[in-house]
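First the structure, in the form of structure tokens, and then the observations on it.
Chain lettering (A, B, C and D) follows the sequence in which the chains are written, and residue indices restart at 1 in each chain.
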Amino acid sequence: MALATLLLPPALLVVAAALSWAAGLARPPVGRQVVAAAAWLALAALAGAWLAAARGSSEFAPGLTTGVIPVRLRVDAVTVLFQVAVLLPAALLLTFQRRSSSEATRAALATAAALGCLDGGSLLWTAIGLGVCTSLLLIHLYREEPRVSTQFWVVQTVAWLLLVWTAVLLESAGGTSVYGAIPVTALRLPAFAVMTVAALLCSGLLPWRSWVSEAWTRRRLEAGTLAIALIVPLGLYPLVRAYGMGAGQWPSIQTNVVVAAVGTAVALGAAVRAQGAATRRRYLAEAVPLASGLALLALGLGTPLGLVAALTAILALSIVAGLAPLVPPGRGAVAVVAIAVAAGAPPAVVFAGWLLAIQAAVEAGIITAFFGLVGAAAWLLGLAAAARAIWLPDTSSGDGPGAGRGYVGSLVASAAAITAGVALTAVVGLLAIPAAAEVMPTSAVHPQSGGVSQAAILGAGSMGVSTASGGWSAVLLAGPLVLIALITVTAAHLARRRAARISVLEEVPASNVAPPQPPPEPFFAPPLATIPHDAARRLRALRLPEQYRSLFRPALMERAAVWGGPWLWAAATVALTIAVTR
Amino acid sequence: MSWSAIGLHLLALLVYPGVLLILIVGFLAEGAAGLALGRDGMRAAVSGPAVQIRNATAGSWPLLLAAALLTALAATQLAVPANPLAPLERNLLVAAFSLAATIWLCWARAWSASGARASLVVQACWLVALLSPALLSETLRPQVLGAVAVPAQLPLKAMSGLLYLVCLPVLLLLAGDIPGPHLAAPRILLWMPFCGLGVSVFLPPAADDVGGSLRFVGATLCLALVTIAVAALLRQPLAAGLRPLYLRLASVLAGLVLVVAVVTAALTSAI
Amino acid sequence: MALTIAVLTAPALSSLLPVRDLVRLPAPSRVLLIASAGAVLLTVGMVPRPVARWDLFAGGLGAVGAMAVLVAVTDPLAVALLLILTGFCCAVRPGSRPMAVRARGPAFAALLLGVGWGLHGMSGSLGRAAALSLALSLVAVGGLMPYLQDVDADEPASSSYLLWTGFFAPALALTLSLRVLPALTADQATIFGGTLVGLGLLNLGWGAVGAWRTSCDADAWRHSFLADWGLVLVGLGLFQPEGFAAAYLALLSIVMVRLPLYVLARPGSLRGEPAARGTLSIVVAVVLAGAAPFAGFPVRLLLLQAATRVAWPLAVLLLAGMVLWIAHSLRLARTVGSPRGRAALGLWLTIGISLALGLFPGALRAAGGL
Amino acid sequence: MTAAAAVAGASLAWLGAALLVLSDERRGLALGLAILAVGLAVATTAAGQDRLADAALAVGGACAAALQFARGGRGWGLMPPGSTPRLIGSVVVLIVTVLVAGTGLQDAAGVSRLGALVVAIMATGRLLTVRRRWAALGAGSALVLGLGALGSTPTLLLAATVAVGLNLVDVAAPEEVAA
């Protein structure tokens, strides 16, 4: 059953990709539908197999060797949580975005590669999987729009090379990069630093505009947003595994503080950019960076609650990644709800994840508490930016790119986020806490806190979360709230239908208020926003004195080397001989 | 999940300290505000809130519904005596972000650049006032924060309280550039959560009985009246020079609160 | 071809003939020889119309035969003599540059090899110079930095020096290093390895930057070979099993992936055709960039393993080179264009070979006894 | 006695290589080739190599020289105007090689190796600077003979064969248009 948990989801997607390819050749092209069904089926299979199994961790070593390493698979709560975080947005996007059969094939293969990457039982396997997934996504991006996303390619290449190097460093220090077998002492500061840089680059976790926001500048959103949904969680995965490698600890407490600080800076940077966005698409481009920044803040805390909050925030981030591209144009209720959910309005899971993150920061210590305050400020700024975004022009409305983004996808994604928010205790109890307990064993780091335990995080009767600093009765407060809202909206809808008016979903609250012309200006000009541009301009403006320029022109040096011919050969040989015989 | 628990939570949301108490406090405060700030006389001041609610229900009822639910959620988190919600289930952040979401939902209904900018600045200051004492006490439970009487933290608590008070007029849409009458109805829903949260966090909790409840509601109304007074002061022609300085004053005060918080944290951790 | 088959069955033959110790074929060289023969067939099969297919086939078979002899002969001094003969025989073929100019590279490599091997038994500075000379001979035979050759874009591929860089040199360099290393003292081995690593890094950087910055597509391809060779030299110079395996796999990918792609891209880049923008371009770009799961990935991994074991700063330099690498891969991929017919089949076959090299390097290492 | 023979052979080889470097006609080149082959053979014999192999080296060099001579014109082209740098180069190569590799001069084998080195280096120098095919092939033959003289019996035999083979390439291949 455990093996089925591992292999079934990617296998389903690979089969669907093959069928989709075949469907592309035949008529009618139903590839997209096949792939979407497979994605939901994979999600169901994953959840079913995981819940039906003992939910422990198990490894498989079939004795095969692929690439340069023996095949080693591992299934545990962390794997399942991240596979859900990858599959959920992928299923949403594969279902509700427009794709041709060939595009659906590539998307399904990339999703399968991402799942395969998470199936691996060693960091080296994760690196290989990430490389394969990136390659497939690169092909998908290029096929959609023959313009290479240089930033994406370069950043991802650097990231996976660094991840490969981390695995190599771990192997040289501890003899293996297998998650279950790495000695606690193997993960030293240099290896962890390299891994962290790889993770930050891969997930676009930078205080400035990263590839994640850049993916939203493409004419079509399908490939770019799928790349975000797949790659961002994969980038955070090694950082979570790092806790397991160090028996619940990172190499030093300073690393926790630095990573938490970076997370705070990422969230704040994203919020600042979001409030200054010129279009709604630009605003939505910052939704994932904001969510991932807050998740990183929690991940860096190094406490059991911090880890649980981070894992919950990663799930929330995955829903944001699936929801943001589906936000419909216009200012109808569906768009407003979707934007509010993505911005962390209660009671959706995004809100709950961020709430836990800030709470964990407050509990972790005075320094991280101030990080929490900054995180909360970023959250607040994000809400303000969301309100402004409702008034912003949507470049993808009308006949433009992304046209035809229906209401259904947005509704389904928002409903999923709100349902997960109401069922927060189930999400935390079944996924986040087991995953955190997997990498942060009770006996290890925080004996005083008793490690990661349900009792320390979930309230009595698991009706809500209740930690040392505060509680949130998700089921008993969010549930009734949602219920009351649904009943009222349905009643009003029926009443209006009876009155033969148009659907409530397509108008209020703001439709009878004309949008301001011109669109609202930013709350404030983003500080330091011009620095990268100015630095680049200054660098371009730098000029060497004429007489030295030839030294930096490869073509000229090349010509000299080639035309120098025999004399250069002789000179080089003589010089080297003198060098080694001295 | 017991039915009694569901019932208690529904009671908290819909009656006390939820929607019903919110409306009572809101109507009273809105009436007082109408008298103090409006020029329409007693009758208009008393009937005004009801008219606004009726118009809003006909016009943009989803906004009103969302605002009512979010403010009710915020109200359940207050340290009001005899709150059906157990103290362990309350959370300052839930209240704070429910209220922030409500305000920005209002701005999504009607927009004015300068008003929204002022609202953002003041909300940031308000967040500092609300969270600074929480950071030092490492708790987000309103009743615990209200009960904190550590001498070392009292200056911070006092300054935070002052900052909170300074922020209230803009948070309650009494001051600043408000875009038309659209936001009058949602404002009725904001009085109780905002003023009640201030009372919960900065005043010692009242006894868990009817008297305590009345004391809490009274304190909330007093805070509302002080806020109206500040707003009235800001609207005076004499204070015309003060209005542009208002945001700066709030920002500087927030900066001071942060500095005091850092110093207090350094001192308490050093000791 | 008969010569190749004879060499491949050398163990059986050498027991019958009186040349038992003179002819022996190491396992990695055997694999590379077979790969070279396969590359000839692949190249001839996929080459586009303008190129005389039969001429290329005949030349390729002759080259494989010559290479078979070069890698089979055990005495490096004899290899040096045969290298001169092969160099002149290749230079006789019609080309835009004079024969004397085209024969210079192999002759200089032979001098370095001969002198190095002739003096390797000496002690002191002469012995160190001999080790250096042996290392430089490996660099010179491939026409790598600093022994660059002028590549005339109009010259037929079979007369171009890239025939040495991409075809003769791989098997020869691997075999020579296998033959030479056991005879060196520790001091000499250090100089041999240090020289290879140093020049490997130089070629990696030079090739990656050159292929990215140069304006001419033919030059860009030549530089990309240099970058590949940079990895090979570093791998050979680290004296680690992983390093040697990386060099072996990199040489296989030069012969079986980069060379066929170059031959396919050549006519287009000569005619200065506009760069293609099809899906195939990005697939080829990913192949050329060495991304997983293609041929370049195991090379990079093994090289990083070896470099980290020897000295981690070396791994940092290699990483920098590998990052620079991607700058030129798309540009080169676009010169391949979107071929049709047998060329397209050949291209997909090459991509498949690259995938196989990336997915099953273990099998290839086992075949090479590494 | 053997040491003296080795020195004589090495000197003869250098003289032959110098002639090869200094001649701009086939005949002069052939003369140099023949002399250096004989010199190398004498030196290797003195160094104790197999006499048959040494003879083969001399014969190989002679055949190569004969092939060059047969296709040559009337003139010898020795030390034409402008060849002074080549003359100086020949002397400098000798001196530098003796200085660098002089440590191995204590026995006949060392002297023979020195002679072979000098020939190989001078031949390569010539090969790297000419553009005419026949001159390149002549220099290539000299290089082969020089390198062969560094080795043992099989290498000497192979060197002789390759030296002849190179000049047969010149005979077989069509004449190159002067570049």
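Criterion: a contact is a pair of C-beta atoms (placed from the backbone, for glycine too) under 8 Å apart; a residue touches a chain by one contact, two chains touch by 3 or more.
From a predicted model like this one, the values you see are computed outputs, not experimental measurements.
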Chain occupying the middle, per Cα centroid: A
Two chains sharing the most C-beta contacts: A-B
Whole-Å gap separating chain A and chain C, where each centre is the average of the chain's CA atoms: 41
Separation of mean Cα positions, chain D and chain B [Å, integer]: 102
For chain C paired with chain D, centre-to-centre distance based on mean C-alpha positions, whole Å: 32
Whole-Å gap between the CA centroids of chain A and chain B: 35
Residues within chain B bordering two or more other chains: none
Multi-chain contact sites of chain D, meaning residues that touch two or more partners: 128
Multi-partner residues of chain A (each touching 2 or more other chains): 565-566, 569
Chain contact topology (line, ring, star, complete or other): other
Touch relationships between chains, expressed as pairs: A-B, A-C, A-D, C-D
Residue numbers on chain D that touch chain C, as the complex places them: 100-101, 103-104, 113, 116-117, 120-121, 124, 127-128, 130-133, 135-137, 140, 143-144, 146-148, 150-151, 154-155, 158-159, 162, 165-166, 169, 173, 176, 179
Chain D partner contacts - residues on chain A that touch it in the complex: 565-566, 569-570
Partner chain A, residues of chain D touching it in the complex: 128-129
Of chain B, residues touching chain A in the complex: 1-2, 5-6, 9-10, 12-13, 59-63, 65-66, 69-70, 72-73, 76, 85, 88-94, 96-98, 100-101, 104-105, 107-111, 113, 116-117, 119-120, 123-124, 127-128, 131-132, 134-136, 138-141, 182, 262, 265, 269
Partner chain D, residues of chain C touching it in the complex: 22, 75, 77-78, 80-82, 84-85, 88-89, 92, 97-101, 103-104, 107-108, 110-111, 114-115, 117-119, 122, 124, 126, 129
